[in-house]
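For reference, chains read A, B and C in written order, and residue numbers begin at 1 within each chain.
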Amino acid sequence: MKRWKNRRQSGILLALGLTGIMALSACGGETTVGGGASSAPASSAAGSEAASPEAPAGDFPTPNGGELNLYNWTDYISPDLLKRFESETGITVNLDNFDSNETMLAKLQAGGANYDVIVPSDYMVAQMIELGLLQEVDPASFPNGQYIKPEFMDVYFDPGRKYSAPYMYGTTGIAYDPTKTGGEITSWAAFFDANSPAAGKIGTLNDQVEVIHAALRATGAQPCSTNREDYVKVEELLAGWKPGVAVINSDGVIGRMASGEQTMHMMWNGAFTRAQADNPNLQYVYPAEGITLWSDNFAVPVGAQNVDNAKIFINWMMDPANIGEATNFVGYDNGITGSSEFMTADLGANPAVVIPDEFKALAAPVPGCSVEAIDLYDQVWTNFKK
Amino acid sequence: MAATEASALSIRNVSKAFPTPEGGEVKALDDVSLDVADGSFMVLLGPSGCGKTTLLRCIAGLESPDSGEIDLKGTRIDDVPVWKRRVNTVFQSYALFPHMTVTQNVAFGLQMDKLPKGEIAQKVDRSLELVRLTGLGGRRPSQLSGGQQQRVALARALAKEPEVLLLDEPLSALDLKLRRGMQLELKRLQQETHITFVLVTHDQDEAMSMGDRVAVFNEGRIVQVGEPREVYLRPRTRFVADFIGEANIVDVITEGGGAAITGWGAIPGESWAADSPAIGDGRRVAAVRPEDVMLTAGGDGRFPIIDATFIGGDLHAVVQVGDMTLAARQPAADATGLSTGGRCDVAFRAGSLRIVED
Amino acid sequence: MARRSTSGRAGQGTWWAGLPGLAYLVALVLAPLVIIVIFSFLSRAKLGVGVKWEFTVQPYVELFYSESLSGERSFDPTYLQIFFNSVVYSLITALVCLVLSIPIALWIATRPPKWRTLLVFLVTIPFWTSLLIRTYAFVIILNDNGPINGALTGLGILSEPIPMLYTPFATIVGLVYSFLPFMILPIYASAERFDFRLAEAAYDLGATKGRVLMRIVLPAVRPGIIAGLILVFIPALGSFLAPELLGGGKTSMIANVIAAQFGASRNWPFGAALSVMVLVIVMLALVAFAVVARRSSRRGSQQSLESLL
């Protein structure tokens, strides 16, 4: 759901197209993998050794060259890792990028797109299954399916992992600088407090789903509520809070927090680890009312041309060594058992990356809201940003 | 050259130089002095690039002189901004405001003076009447003929009732017939309004027919000022003689107390104009008008006729005299026997030769 | 007059040369517009992404009426207010651009020709990089820790940095910066054709500098001013980046709301209806410009207008 590198506002291109402005830098485009540097430590030897003994079990396909068309979030996989996949399997990877689940869905629904592996988030997997857009490739039965963490096996959006395999997961919490607030922040209620000590230096993501999820939680309601009275409270809460908000923007969060420009910000945990590297004062909060645990997943869309290669790729990515290297690049934890061995020490030990046990109960995935709830979210959000 | 009481405009020792693209400098005005009598019609005459337009722009205030002084009715104006000078200009391009009607164009200058509306309307009407454009006030400049545009430009400048009206080649864009008419028109306007006119032209006929006085310019200097007839009859320099009307310039050398023209012979004393400057010693040049060169035909004539053409009622002939050619013009009636290739004798009309500065 | 006879004839022998351009316009300008208009009359797809082919005017009803959170259906000015905000931002942008552009354009037009070419070239330099990158540059410039505040506090002029980023001021700065060349260039094109002898004539008739500018120069460059106002106002209305990045996302413009409808809000027909409203506003603005332009040119020139028509 959230990537920290080069993220663009979803819908920029659509908006530009509709309102008739030109000009924009590239937001994706198809590229064949190659070149590019990454800081991922080499673990290829261990990885391939770990993979090969388990390999071709039953009728699982064996690599036989060809191509793989991967449709992923912008900057969400290490180019070196893809290069290694290409050299180990002889399969050429063509990478294309999207910037929001909705963009990806719209492109697949429009037809004509030719992708073998896509990376939808949790709620989007559920919707795509419902819309009949995913192939039932049964990743749980793949040779490396055994490494799926138990809590990522029977997920609400794909019980038993019939359609999807786990990739990264993370949380959307609060980052703040205790040296400036003069006290601890531990809840969404404190985040949305009109009299917050951080008032005037508060930033939030420009993401109506996350902000209203959190605001609903702060008022004691549940995300995706369809009870209108809950939204009356939310609207009041947000209206009181807005004067203290400096910026509503999902871009540049890391810079704003690392430089101390803002004191408190709604933030993704992966972005937080990077800001913290520059500003050690920062702390990441798992708010007491609960926190959204999101996850991204590999899936094979209906109409994929290279299904065997897609299976080989997904299986390869479930190898603990390979996905560990992927985590080192993107800074989020993943859903594969044993991958922490291959992660750099500081990532594995960071409570913002790997959820500490005492907060595990707070972090739960939120299923996609109904259209009715989405409309209420839109109404409140439009009013808030008016 | 002190300014007299009756001077509308007095220009003293004005110089102006412009930089050239090559980094040098060209003197457009070189120490120019001129007095223009109040209520007179002064014409600045000269070839293009002689500085006459620059002087006009200096008077208007569109250029500022590098040195010197310009007085209007006894008040120094060369440091007064253009919009405050009681001087108005009729531009060569007319410079009518295309987005305004004729009436608006004429009213513009009066509005700048913040006159009451009624007075403006009155003055606009009077000006349009003066230039005979009554009834065309609602038109745009683009809907008028060249001659009409010219009149609007005049009306616009006259409406301000300036002390001096400057006219920069105002007739050059008109065709010949229209130009003749406008010459008379301008003269009439000047006489009716009693405004001092200063008109710039390169056309000597125009200068001769309109000016009370003519100032002849050459290379940034005024070479002669005077009434048109005087300038024509008594050119002071070779340039003036040549530029105004036609003239034969002949080399004159002193010879035993008298003077002679090489290849022709000694000049009889009565040939000289009574007020011609003295010849002095050495080589000088003299000017003589073609109509003062008299030819007599004869097979034993001393000089060959290079060309002889009848134009209208006159014979225009070119005769070879020594190293030089002489142009001659005489009524056809007196020209029997003169034809191309023939021979003739040459004489100068009494009082026609005049020594000029080279 | 003369113009009439030539305009009809130009290019008459090569009418087909216009076909590629026409095809381009139809395929890439007209077709998307038609799709947007059609979408605005369709129903939401299941789950909200895409459209369902069932006719409805619901999206247009939503523009003006909403069910309040307490459950009553009533007139709701939210979207009208956002449209109004956008129009106000765009008008301010166009006017600030106008005030800045007139002296720049006139100054360039009065330079020697070889300098003019260079200066016009300099004006177009910002187009070399993407709008996104240039807008980000202003995030840095206007920041509390940025060069402006840094210089002012460093010199002791300010004790505390002035917050400039994430304010409506920053949005306007970004919009003006983005669209300034679109105002300078058409005004310059008009000013370059301006006969400066007319200005001399006006001075000669007693006009001061200010009056020459107002009465002679501005009317002459009016076509450029009108073109510039249109070229700035319309794209400014559709601005997306400046309000998001520089305004801090706190005051939405229409484009931000439209983008949300095709993204997280998942209401394509409503997004399409909002887009149609943008088109309507743009057309109304164009008509208004045309009326103003015609009225002011008609004043005192009934005949010239008639001769052109």
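Following the convention adopted for this analysis, a residue touches a chain if its C-beta (ideal position, glycine included) is under 8 Å from a C-beta of that chain, and two chains touch if they have at least 3 such contacts.
What you are looking at is a predicted structure, and each value in this text was computed from that prediction instead of being measured.
For the pairs A-C and B-C, the larger set of C-beta contacts lies at A-C. The most distant chain from subunit B, with centres taken as the mean of CA atoms, is A. Of all chains present, the one whose mean CA position sits nearest the global mean of protein CA atoms is C.
Subunit A and subunit B have Cα centroids lying 89 Å from one another.
Taking each chain's centre as the average of its CA atoms, subunit A and subunit C sit 36 Å apart. In terms of their C-alpha centroids, the spacing between subunit B and subunit C amounts to 56 Å.
Shared interface positions of subunit A, defined as residues touching 2 or more other chains, are absent. In subunit C, there is no position where the chain touches two or more neighbouring chains simultaneously.
Contact residues on subunit B toward subunit C in their complex (touch as defined above): 60-62, 82-84, 87-89, 91, 93, 95-101, 104, 108-109, 112-113, 138-140, 142-143, 156-157, 160.
The part of subunit A that touches subunit C in the complex is made up of residues 9-12, 14-21, 23-25, 100, 102-103, 105-106, 109, 127, 130-131, 206-209, 228-229, 231-232, 235, 242, 245-249, 251-252, 259, 261, 368, 371, 374-383, 385-386. Of all the residues in subunit C, the ones that touch subunit B in their complex are 1, 195, 197-198, 200-208, 211, 215-216, 219-220, 222, 297, 300-304, 307. Of all residues in subunit C, only 32, 36, 44, 46-50, 66, 69-71, 78-79, 81-82, 85, 130-133, 139, 143-145, 163, 165-166, 234-235, 237-241, 244-245, 248-252, 254-267, 271, 275, 278 touch subunit A in the complex they form.
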